[in-house]
Each structure stands twice: as C-alpha cells, then as structure tokens.
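Each in structure tokens, the structures are laid out below.
Each of the next two complexes has subunit A plus one other chain: subunit B in the first, subunit C in the second.
Moving on to the complex of A and B:
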C-alpha cells in the first residue's frame, strides 16, 4: 500500500490542475518523482513542491494500492481524480471544479464542499461529498446526450441546479436539498433526494427514477399521475411509506418515474 | 420631437452600407459624407444612426499607457504595443475578451495570438446568448434566414426580447410589416405574439400578449408541449397563465402556415438558463409535426454571431475557449470570462471592441481593477478608466471594411464610407502587431 500525502503550503488563485495526479499514473512514482513533477497552472507549469509538502510511504504494484490524501483545502485545485480508474483519493477540505469527472473506478472522498461538475460523465467508482455541491453534479459534457453512466455519488449536503443532466446510469443520493431540474434529460439511473426540491425535477426525462423524500414546490405539467403507492420498490431499493407516483415527461413520450413522499407533498394531490 | 430638416449639404452618398449596431445588420444604409465626415445616415433606426453619426464623440484617437501616477498618458504606437505585448507574453492566465464589434478579419490573428500564449478567448456570448449556444449543442438548431420569415411567416412570436427598443428595424425590415411573396398584405397577413412578463413596446403592438410570470418560461413551454401530446392540463394556472389560454394559443400555433419564434436574453438569463432555450427548441421541433416552425435568437452586437461561427469553424467550440494546456478546451463556468474574473484567476485582460466596464458584474470588475487591462476600442468608456494600455482602433462598417455575420448566420461584407483618423489603426493591424511582438519576445526568451 502506498500512502501519498500532500499538505498545502502555498495558495494559488489560479487553479492547479490535478488530472495527471491520479493513482493510475502515480502508483510507481517515488518521492523524487513527485518533487520533479510540474503541475499545470494556467498556461505554465510550476513544481508541485511550490504548493505542497509531499510525503510518500510504502510501495504499490498497481493503482488499487494507492491512497492519495490532500490534507487541506483544495478549493483551487481542479480535476481531482479526473479519469481515475482505481485507488483512493481523500480531500480534507473543499475541492474545485470537475472533481471525479470521467471517473471509471476507485473512490474519491471530499470532506468539504465541491464546486460544479463533480462526477461529470462518471462511468464507475464512488464519490462521497460531505458538504454541498454546486451546479451540474454528475452531468454530461455540453451537448452530449449521455451524462453519468455508472458509479455512485453521495452528497451529504445540498445539490445545486441541474443535477445529473442526461444521466444514463448509476446512482446519486442527495441527503440535503436540491435546486431546479434534477435529472433533466435523464434516460436511465436513479436519483434519491432526501431534502426539499425547489422546482421541476425530471424535466424532459425519458426514463429512470427520481425519489423525493422532502417537499417539492413545483411539478411540471409533463408528469401524469400514476397513483399512490405504498412501500414502493424503486430500482431494487425499498422505501417505506406512501408515495405519489408520476410518469413523465410526456413532452418527450417519457416513461420515467417520479415518486414524491405523500405526507410532505399533499399539496400536489 | 422637433422636425429636423433633411441633410442636403454633403459631397457624396455611399450606398448599401451595413449598420454596425445590432444583430439585424441592416445592409441598406446610405451614408452621406461631407469632408470625410459622416453628415447623415438614411434608412437606419435611431440607434444605428446615432452610433454612426456620433462616432467622433468621445473618440479614442491616440495610444495611451497608464503611468506610475495612475494617469493615462499619450505615447507613440511602438511604446503602447510593446507594453501590451510585454504584459501578454508574461501572463499566466490571460483572457482576450470582446471581438463582437470587430470584423472576422481581426479575429483571425487574435486566435493565433491566443494559441501562441495559451490564453482564453471569449466574446460577449458569455454574458448574453451563451446559454442559447449550449442548448443548440444539446438539441439542434431549427433556424432559417430572415428572408424566409419575410416571405412566408404568418405567425411571429417574440419572447424574452423587446425588438422595438433593442432591434428597432427587426419588425419593419424582416418579420412583421414587410410585404412578402406569400404575405402580400404585410402586417395584415401576420399574427404577432409576445410572451413576456412585461408589457413591452413590442407587446403593445402585438395581437396576443402572453404575460407569463418571471422565471416561468420553462414551465410554460413544458405545458404547451404536454398539450401538443394530447394531455389535459391539471393545474388551472401554469406559470401565471390560465390553462384555457394555453389551449387556445397552442391551437393557434398548430394552425399557422409558417411560424417563427424569436427569443432574447429574457429567455437565456432567467432561472433555468440554457434549459429554457432547450425546451423552446424542442417545442419548435414538436410543432413541426403539425406545420412549419423555426426559431432564431435575437443576437445583440452586429458580429457576436460571427465570433461564434468563426470559433466553431476554426476550433470546434463557440466561445470561452481555453488554450492554456496547448489544445482547445471549452467548459462553461470554468473557461468563461466572468467565472475567471469572479474566481480571481485572470492575470492579464485584453478587451477588444467591447465594454466590460459597463456590462460586467461588480465582482468581476473589482478583479479587473486589480490586474493589467489592455483595451482596443474606438470610444472612451468605463473600460478605458480601468485600462493600462489603450490602443485606438477604427470603426468597422464606417471607417474600415470587414465581414460580419447577421443573427441568422448570413455573412455580410461591410463597406467603408470614410477614412479613419490618421492616428488610429485598424483592429486587424493592431492584433497582428501584437502577435508579431509577442512572437519576438517568446523567441528572444528561448
């Protein structure tokens, strides 16, 4: 097992890009390799040692045996864990844009808030965010019809606008509240939101399932009432209590399921 | 308004000039020239005419550099260009913003300079129709030319825009009033509809006004789409509009022969941003199952569309393109100007043919005030107050010829009518000079 710890020593307002520092690339690196490495900052590269104290312990034969810890705020470090396929990354603070984007495996834990595009086009692996996420978590690239297609994102805080746009697989669990248009253009996959939702979950969705355990303010006309269900089983997960089930978005002949906790959403009945 | 005598004292008329104001790019302007000055403009609207007529007011005429006391002082071209090139060559996160009020010819060396230094190149779409471009990338672009609308359209819908104030000749020249091949009686053959929370000047002229509530655009379009699919609406009032009105409007839209939807920043910049355009485009696609419908964004500056077309053609991305890693990247919120400024990332800012000082949010301006700003422009404006190097350009379409793209993506070659002031230089020349000087600095440092 190789344990790599990066402790911040200098802040850069121009974001550092960490897409090359993923377990798949660095499992064979020694401490000297890290000290020689220059990290992209804007249109230039600067030595990683300018920004971090580096500690490397143990050896790894494969990416699975790597544990990379950023021991402090990474609020200006983009692409943490981008395209990673194995191993573990832990951020003991906030993470900047594109954390876990295009991830295919392994695990990324952010013990703070994450900026926009966390888990963009994620294909596998697991992202855990202890704080809030901004816009477009688990979303697609601009213009792309397939967003997140596998893996799991767990958000313990609140999620921003347009969560999981064009989701085509995988699972997102938001423990907090969620802003507008969660699961827009969704074709497959599962979203569970335990908190309240402002407006319009599932806009233009074709398939997949969204469960809202909190209160939903506004529902789109594109959703047809399917009935009240007791203790539903959605995508293999059991929920207890009464849920209002809608099918939609009929604007796109969608057959997606939207389930709202009946107790908290009486105003829709 | 007092009566003004027609201008009779002029040397020559330059016919069929193209207006360099809004995205309508009216190309039927006659500019009256007297002693190499514009004496009058015929056919232009008040906005276009005043821009051309008052060209010399507040004009930047000489290059300037801000001295150690914080004052802009006049310098020669070499000093100003060297200073600008030095700032650009030494920057880590430069942003080159603007380009929408200059010609395609000036953008070409601009893109080369961007690639050379690894900068971000962006235009005004980042604060106006950027969401439109994103939605087009998602769901397509059922567009037309304005000529088709003039000759065929019998229903016109304006939403989130007020052309009577912002594109004054749009209705009279292209859409509502002109007599077309299939619309011989002009206005009488057409139904004008405005969807807008405000009773705008365009709404006042309209046959139907649909005042949906603010931020209600997405829900409203979704409801029309549901009706088109045969659904009975459950809520009595959707986005502030009674459901009976939605049924009636949907029926009218289905029964036109050729409908055109025009939308502006009222749609792009409300709550659901690009998703408003996304669903509007899909609504137009749905309506095409019944009759012919098309859609077009009401672009603001005369060449804002040109920059998006130029960049898409050259680099595959429409705006906010980042070359910092040596290859083009495009990610809204990451490589776009406002975000780079709000995040305090940008370290040198070059503005060409734009006025961020007047248009950007406070947080972005606060950062601009702290970093070196290079301005290439023709008029003294709020951006000049923040600029460290000022390079005076020329007026495309009046003093310099050049290519621009109208809002419906028709390219137009803009004539010149008068010679530019002797001390000013064309935008293309300035950007080319910067490119050569930055190249020299880079080669010298190797």
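Moving on to the complex of A and C:
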C-alpha cells in the first residue's frame, strides 16, 4: 500500500490541473518523482512542490494499492481523479471542476463541495461527495449525447442543474435537494433524489428511472400518470410507502419511469 | 531558391511517367528542366514521388463547417494537438479547426483542395475561413442549383442571361465553378418538401432539375469555364436512386463541351451516395454496376467516389431535405439552415459502423465504383469529407484500393457486415490500383477535371507542388501491406508547395497562406452589367442584405490565384 499525502502550502487563484496525478500513473512514483513533477497551471506548468508538501509512505505494485490524500482545500484544483481506473483519492476540502470525470474505476471521496461536471461521462468506480455539487454532475460532455454509463455517484448535499444529462447507465443518489432537469435525455440508469426538486426531472428521457422522495415543484407535461404504487421495486431497489408513478417523456416516445413520494406530491394529482 | 529532388521514383500520369527513377527540379516555385550547380539537393533515392494531391470535393471552409464546430464540441475535443513553434493548436476530427485542416492536408501531401459548396450569401464567410486555413490552394465552388434567379432563367430557357448571371456571380463570390446540389429539391425544402427524380418540378417555380442542370451546363459551356458543372444529383441516399443518377448524367449527352483541357461536361460527385438499388433500407442492394456501366460507355462524365470510411463523422450538405431524412433515421441532433433565395442546408452527426449492414454496403459501393469504372481518368478519390468520412482517411481508402487481400480480409473477418459481400459485387472484384492509378485519381484526373493545367502534374512550368512518400515502390508490395500504405500516405516525407518545403517527415515545418483560387470570365462584361440591372429590383426586394454588402471584396480573397477565362473563344 502506498499512501501519498499532499498538504497545501500555497494557494493559486489560477486552477491547477490534476488529471495526471491519478493512481494509474503515479503508483510507481517515489517522493523524488513527485518533487520533480510540474503540474499544469493555466497555460503553463510549475513544480508541484510550489503548492504542496508531499509525503509518500509505502510501496505499490499496482494502481489499486494507491491512496492519494489531498489534505485541504482543492477548490482551485481541476480534474481530480479524472480518467482514474483504480485506487483511492480523498480530498479533505472542496474540489474544482471535472472531479472524477471519465472515471472508470476506483474511488474518489470529496469531503467538501464539488464544482460543476463532477463525474462527467463516468464509466465505473465510485464518487462520494459529502457537500454540494454544482451543475452537470454525472453528465455528458457538452454537445455529446452519450453520457455517464456506469459507476455510482453519491452526493450528501444538494445537486445543481442538469444532473446526469444523457445518462445511459450507473446510478446517482442525491441526499439533498436537486435543481432543474435531472436525468434530461437519459436512456438508462437510476437516479434517486431524497430532497426537494425544483422542476422538470426527466426532460426528454427515453428510459431509466428517477425516484424523488421529496417534493417536486413542477412536473413536465411529457409525463403521463401510470398510477399509485405501493412499496415499489425500481431497478432492483426496494422503496417503502406510496409513490405516484409517471411514464415519459412522451415527447420523445420515452418509456422512462418517474416516481414521486405520494405524500409530498399530492399537489400533482 | 533552386532545388533538385534526386533519384525518386516518379509517378506523373499527365506526362505518362510511370515509376521512372528521375530527378525533379524546381526554381522560384515552378518546375524547371535544369538548375544551376548551387541548387539544393533533396536526396529521395528510391522514394515515391508524385505531384501534390488535388482534392476535387471536400467541405472545409464556410458556414456549414462553422455550424458543425459550434454544435459538435464533442467532435472538437478529438484530435487535439498542442501548438508547436510553427503550428497552432489543432482540434477536431470530422470538423477540424481551420489551421488543423490545412496542416492535415499538407501532411498528406495535398496542395489543392476544392471547397465544394458555397452559398453566394455565405461566400464572404467561406473566404474568411480560407484565410484561416494554411498551406493549400482552395478553389470554392459556388452553389447555383436552387437559386431563384437561376430557376427563373432555366424556366425561360434563357441561356445567355443565365450565363451572364453565372459569370457575374462567380466574380461576386470569387468562386471557381458551378456547383449544383439536389436541384429544385433544396428549394422545395423551403416548402417542407423535396423533389424526386429529375422531372419533378420545384413548387412555385415550376421548373425541373433536368431544366436547371441542362441550362446551367449550357451556360457553363457558353462561358467556357475550366470546370464542368459539378452535380450532387437528386435523391441522395435513397434506396432505388440509381436511375435518377443515370438520368442526370444522360440528360447532358447532347451538350457540347467548350474546353480543351477537360473531357467531361458533367462531374458527378460523391457517386457512392447515388448508387442504390431497391425500395427500402431492408431490400437495398448496390446499384454501382449500372452507373459504372454507363460511365464506362460515356466520356462526357467524370465522378468522385464519396467513399465511406466507417467512422463517426458529421454530415453536412446544401441538401436540406436529405439531412432532415437522416435526422429522422438517426434521432441524433440536427441543424438546419435556410439560405435566402439560394439554398437550404443541414447537418447531422453520423456513426458509420462496420457492424451495421447498410453502412457496410455503402462502404462496399464506394470501393466498387472505383474498381468498376475502367478508366481512372474518370475517377477522383473523395470521401465527400466529412460526409462519408473525414479527409484524413484518404490514405486508408488508397490502401483498400491497392489491396484485394485487405478488402477480402475485412469481409472475411467481419470487420464489415455480411451485406458488403452479399449485396454488392465487391468480393468478386480483384482489381488492384497501382501507384500510377493512385496518382491518377488523386492528382492527374482531379486537375484535368478542373482544367488545372498548372498542377496535378510535374510538367516544366507547372507549380512546384510535389509530394514525396516514405515508400520504395520497387521494394514494396502495396497489395499485402495496407497499413504501411496508409501510414506513408498519411505522413509525407516532403510536401512541397510553390517550391517551398511545408512538410518534412510527416511534420509541418512551414506555414504559408492559402491561395483563394477563382475564375474570372472576360468578354461578358456588358451582358453582366445588363443582367445585374435587370435583377436588382428582385434582389432588393427579397434579400435581407444590401448588394454592396453581398459582394466579396478583394481583400477577402488574398492571396489569390485567378484563372482568366475568355468567353469569346
């Protein structure tokens, strides 16, 4: 097991980019390798040691044996864990744009908030965010119609707009509230939102399922009432209580399921 | 500066040089037959030498590209290459950034690339993009096939006024020649419709594709333009469309050519998309044979392939209704653009896959056409880039044409669906192109088709546009080395343009401005003036731009190469 700890010593208002510092790349690196490494900053590179104290303990034979901890705020560090395939990354603070984007395996834990595009085009692995995420978590690349296809994102705080745009697999669990258009264009996969939702979950969804345990303000016109269901099983997961089930988005001949906690969403009936 | 390219194996079909070991000399941008002792020697002993490539049909500059880049950021992120001391950063795969477009053609050894579809209203923008694309000469073709004035003249059978209009509009747009796309069909799209076959009239104008094509061809020959009319026929991409294709070429049979250099009076573009037999995508089969048979019997037609390369790409054409059909078929995002009084275009991303039966059949048809048309001088290699595949795949198409083994392997290994072998004759065709044939369909024939006497050949006095590839034709068998063929044609050892070395060892070593290549008819000025006066009321009534702002002024088209055409000849 190799434990790498980066402790911030200088803040850069121009974002650092960490997509090269993933277990897949760094499992064989010694302390000296890290000290020699220059990290992308804006349109140039500077020594990583300008920004971090670096500690390396133990050895790793493969990426699976790496645990990288950023021990502090990384609110201006982009692409943390981007494209990682194995191992573990922990951020003891906030993370900037694109955390865990295109991840295929391993785990990324952010103990603060994450900026937009966390888990973009994720294919596998696990992302846990203790705070809030901004827009486009678990979404596709801009313009792309093929989005997140696997893995799991858990958000303990609130999620911003267009969560999981074009999702085609995997799952997202938001413990807090969620802004507009969660699961827009989704074709498969599962989204659970425990808090309240502003409006329009599932816009143009073709398939997959969205469960809202809180109150939904506005439902899209493309969702047709399917009925009231008791203790539903959705994508293999059991829920207790009554849910209002809709099918949509009929605007695109969608067969997706949208389930709303019945008690909190009586106003839609 | 003087150079001598020493000891290469030269393929120059215009001069019937077929793999001879010889030197090529050039001075001040032109090929010469002798140089002084101080000439710089480029030793290319035993390497493959050809004139620089000439592409007859590509979509590389203008509004469609711009819309494509805007609405396909997911394409832009592919092919990212950081800047170097010489080149700017590159982005994009099927719709690369402007600098990337120039570098990539240059790396493949190309010197001239025709932009195939310029709506006059957007000509300014096309020339702006040409300014941003380095290293290749670009002749833009101006779109005429759905133009209101053209339809009016064609309806009246008024060829002289139409010729004056074409002459004036080529000057206004700084265009090289006459492009026709789905004649009357793109106009019908303004009414939500399309036309089918060449005798289905456009709404309101009550004029048919046959009338428009014939009238424009007659005007083209009256002016004696260096290129013939360049036609994307009706019914593109529709099963059962091959009779429309033959009717389109055949309706030209009696029109007399007025050009010494080229043979044809009609160029059929992206023929692959126009050679389908059947009634639906379920019963579709190849219609390449009857079209190839027709071409083999008639020398008034030339064609380019529009070969499918089996990539994820972007379709873009001034065939608006076809793009809507494609959008319905794929369900992917669609962009539609109306060009007032002139045309209608559309864009849809497209994923050609070897697992898909129809795409595999299309792949086979593109190659069938190249192998069935006997005379390579009637063939030009294209992918209708990016419609059937991005232009960086030309070397791959070359490798397929040169190797029957590779084609059979693809069919046997299931790299393509069984329809390729079952519904086309590709598996029965064992013809293989040699380097002379390849030089013909990528250099000599394209330049002849366009009436370029000064390029596509290594004649004394021609432009020193030369490509050298890292293959030794005398020690190399292209029929069993498809990957090596593709690699060599993708990365020229040298690309020389106007006597300057732009690429060395597959890397761009110098960046120069591209020339805007256009024609200028002389001797028709009075007719042009009269016709402009005559149509100005209609222009002012219907266009949302002022005529003064419509014209492409000189500074949009610099540097330029102007081919003067004497209309009185």
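In this section, the second predicted complex is superposed on the first by the 269 of 269 C-alpha atoms of A that agree within 3 Å, B and C clash if a C-alpha of one lies under 4 Å from a C-alpha of the other, contacts with A are read in each partner's own complex, and residues count from 1 in each chain.
Convention: a residue touches a chain if its C-beta (ideal position, glycine included) is under 8 Å from a C-beta of that chain, and two chains touch if they have at least 3 such contacts.
The model shown is predicted, which means the values in this text are computed figures rather than measured ones.
Enquirer: Label the relationship between subunit B and subunit C on subunit A in the superposed model as either fit or clash.
Expert: clash
Enquirer: Could you look at A:14 and tell me whether it touches subunit B, subunit C, both or neither (first, second, both, neither)?
Expert: first
Enquirer: Kindly classify A:168 by the partners it touches after superposition: subunit B alone (first), subunit C alone (second), both, or neither?
Expert: In the superposition, A:168 touches no partner, neither subunit B nor subunit C.
Enquirer: Looking only at subunit A, is it subunit B or subunit C that touches more of its residues?
Expert: Greater contact footprint in residues on subunit A: B.
Enquirer: With the two complexes superposed on chain A, say which partner A:261 touches: subunit B (first), subunit C (second), both, or neither.
Expert: So A:261 meets neither subunit B nor subunit C here.
Enquirer: Pick one for A:142: touches subunit B only (first), subunit C only (second), both, or neither.
Expert: In the superposed model, A:142 contacts both subunit B and subunit C.
Enquirer: Where along subunit C is the clash with subunit B: 45-53, 63-71, 135-143 or 351-359?
Expert: 63-71
Enquirer: Which subunit A residues lie in the overlap of the subunit B contact set and the subunit C contact set?
Expert: 142-143, 145
Enquirer: Flag every residue of subunit B that touches subunit A in the complex, lowest number first.
Expert: Against subunit A, the touching part of subunit B is residues 91-94, 117-119, 134, 137-138, 218-219, 222-223, 225-226, 228-229, 231, 233-235, 238, 271-272, 275, 278-279, 282, 286, 323-325, 330-334, 343-345, 347.
Enquirer: Hey, which residues of subunit A end up touching subunit C in the complex?
Expert: Those in contact with subunit C are residues 140-145.
Enquirer: For subunit C, which residues count as touching subunit A in their complex?
Expert: Touch residues, subunit C against subunit A: 71-75, 77, 332-333.
Enquirer: Residue numbers of subunit A touching subunit B in their complex, please.
Expert: 13-15, 17, 40-44, 76, 78, 97-98, 116-117, 135-136, 142-143, 145, 161-162, 180-181, 184-185, 199-200, 203-204, 218, 220-222, 224-225, 249-253
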